[in-house]
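Shared between the two complexes below is subunit A, which has subunit B as its partner in the first and subunit C in the second.
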Partner chain A sequence: MTAVLESIYRGITYRGNEGHWAWILHRVSGLGIALFLSLHIVSIFLVGIGPKAYGWVHATLYVSPPAKILEVFLIFGVLYHAANGMRIIIIDFFPALGKYQRLIVRIELVIVILVFIPAAIITLASLF
Partner chain B sequence: MGVVTSPNVKRKYGAPSFERYSWFFMRISGLIMFLAVTFHLLYMHMVVKVENITFENIVERWNGPYGLLWKAFDLSLLLLGMLHGYNGVRWSINDYIHHKGWNLALRILLYILAGILITAGLAVLINGPGDLR
Partner chain C sequence: MKVTMRIRRFNPEKDKKPWWGEYTVDVEPTDRVLDALHQIKWYQDGTLTLRRSCAHGICGSDAMVINGRNALACKVLMRDVGKVCQVEPLRSMRIVKDLVVDMEPFFAKYRAVLPYLINEEEPPEKERLQSPEARERFDDTTKCILCAACTTSCPSYWANQDYIGPAAIVQAHRFIFDDRDQGALERLQILDDRDGVWRCRTVFNCVQACPRDIDVTKAIGEVKLAILEEL
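Moving on, here comes the complex of A and B:
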């Protein structure tokens, strides 16, 4: 257990600035999306059971107020994971761009926030 | 990445290995899902809207004129998402759990869970909507 905590601690305290924070966010968002995907598949599996079972999961997991608030986090996670994944692919296949990787992370974050704000407003609007 | 699954095996530099294909798969599946998930989110959240994704709405889509196309699209999301997502969890387990026994135990648990979820997804796509409850 201490070894696990130490590797997590070292993963967090490694001082790699932009690239390091980009990596942490990629991992956290990735694990979060994998968790949601698992619940998502279970919920669609209930469509195979029948309308009552699916209706229940639709009401609790997708349209209830707490679900709407969690959905905002999910949207941020998906947008970030998608944008950062594209950055990783670009730098993997065009290593020369590695010189500008800090700048690219910053540009990426601006793009993510610009898309996230309207998406969050649209999602939360259904609460009011 | 992966202290346990990537030991210093004697392999020629650049020779094919499982982890190399796994790295490449993450890029390719990520690229495809960038487009597929963008479409999925825009369609479900902006065109249909989450409140309207009722049982009847799903039945209409799956059994409608483009039903087979929707099922193929959902199938590709299921397989790409599960393999990409659970390979990411496997990488995380390898990054943090260095104890051989625990590492193997957690990965076996992960593979079983992945098998159950993929089977559940395939089952509903093949059998279609049910009417039990």
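Moving on, here comes the complex of A and C:
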């Protein structure tokens, strides 16, 4: 546990550039997605308990405002994790592109935000 | 100009854990962080321990974390560090004392990649000739001075010190792509390991940290591709 905390401390306190922050966001979004998948498995499993519990989670809890806000974070996490993963794969196969990595991270973020904004609006629209 | 130096101090014989020492130095803007450290050691506190040899960016002895980023103390100017300059020893290495870390695990990884020319053929009378184009292929990775700034800036290395690290891969690259060398396959097999090149997460901290401006991540990427093609 100490080693994990030390590793997190080093990650946060090191003054890296775009690649470093892209890596931290990749890890955080990955953890968020893993947490969601666990929650997803549990909520689907509720069907075994009965239609009432399953219905309450999916028709009441998941459409409540806090859940919708979390869903917006999930959308961003999935979009970012996918885009950043693609960036890493592309640079792995074309190492010479590494020279432009700071620019590539910025382009990637612009693409993620352009897709994220309409998706967030659609998700939050049901609240209004 | 006056600058406050915050230095991470640790004497294993006296201290239970590292602490921050604060010193005020009077320096010229064109002085280097190493000059400020010398000023402290020579005129304020002789117990401050640091490692340096050439003091001109060639030997790689004085790599440390300066304002949160790996660099050589002899290559960072005081005008670029602000009013408070924070200096720490390299991360993920055992601290021997103050800014001196145990480099032995780092050199063990360097030795592991067979960093020397392997060629079983009888050498010609004068020298093994090489075309300028063939020499150019690995020119970038010949610049490494083994300062460990790249390896200790790598998040994969922070998390797992069994990772061979960027510096050792750079050294391997220097010989793998040398057309006079015959040991490429052996080195690629060593690096094709869970603690070899595949632990690189393409974070690019190594490129930023390298005081010799080596494109470290590109070199690692080329070794990854060579493993895919050759093994």
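Throughout what follows, the second predicted complex is superposed on the first by the 118 of 128 C-alpha atoms of A that agree within 3 Å, B and C clash if a C-alpha of one lies under 4 Å from a C-alpha of the other, contacts with A are read in each partner's own complex, and residues count from 1 in each chain.
Everything below uses one rule, namely that contacts are C-beta pairs under 8 Å (C-beta built on N, C-alpha and C of every residue); 3 or more make two chains touch, one makes a residue touch a chain.
Computed from a prediction, not measured in an experiment: that's the story for all the values here.
Once chain A of one complex is fitted onto chain A of the other, the partner contacts of A:23 are limited to subunit C, with no touch recorded for subunit B. Of the two partner chains, subunit B and subunit C are each touched by A:92. In the superposed model, more residues of subunit A are touched by B than by the other of subunit B and subunit C. Of the two partner chains placed around the shared chain by superposition, subunit B and subunit C are both touched by A:11. Contacts of A:45 after superposition on the shared chain: subunit B is touched, whereas subunit C is not. Touching of subunit A by both subunit B and subunit C, each in its own complex, is seen for residues 7, 11, 88, 92. Those residues of subunit A that touch subunit C in the shared complex are 6-7, 10-11, 13-20, 22-23, 88, 91-96, 98-99, 101. Those residues of subunit C whose C-beta lies close enough to touch subunit A in the complex are 65, 67-69, 91-92, 153, 155, 158-159, 201-205, 207-208, 215, 217-222, 224-225. By the touch criterion stated above, subunit A contacts subunit B in their complex at residues 3-4, 7-8, 11, 27, 30-31, 33-34, 37-38, 41-42, 44-45, 47-55, 58, 62-63, 71, 78, 82, 85-86, 88-89, 92, 122-123, 126. Touching subunit A in their complex are the following residues of subunit B: 27, 30-31, 33-34, 37-38, 41, 45-46, 50-51, 53-56, 58, 74, 78, 81-82, 85-86, 88-89, 92, 95-99, 113, 117, 120-121, 123-124, 127-133.
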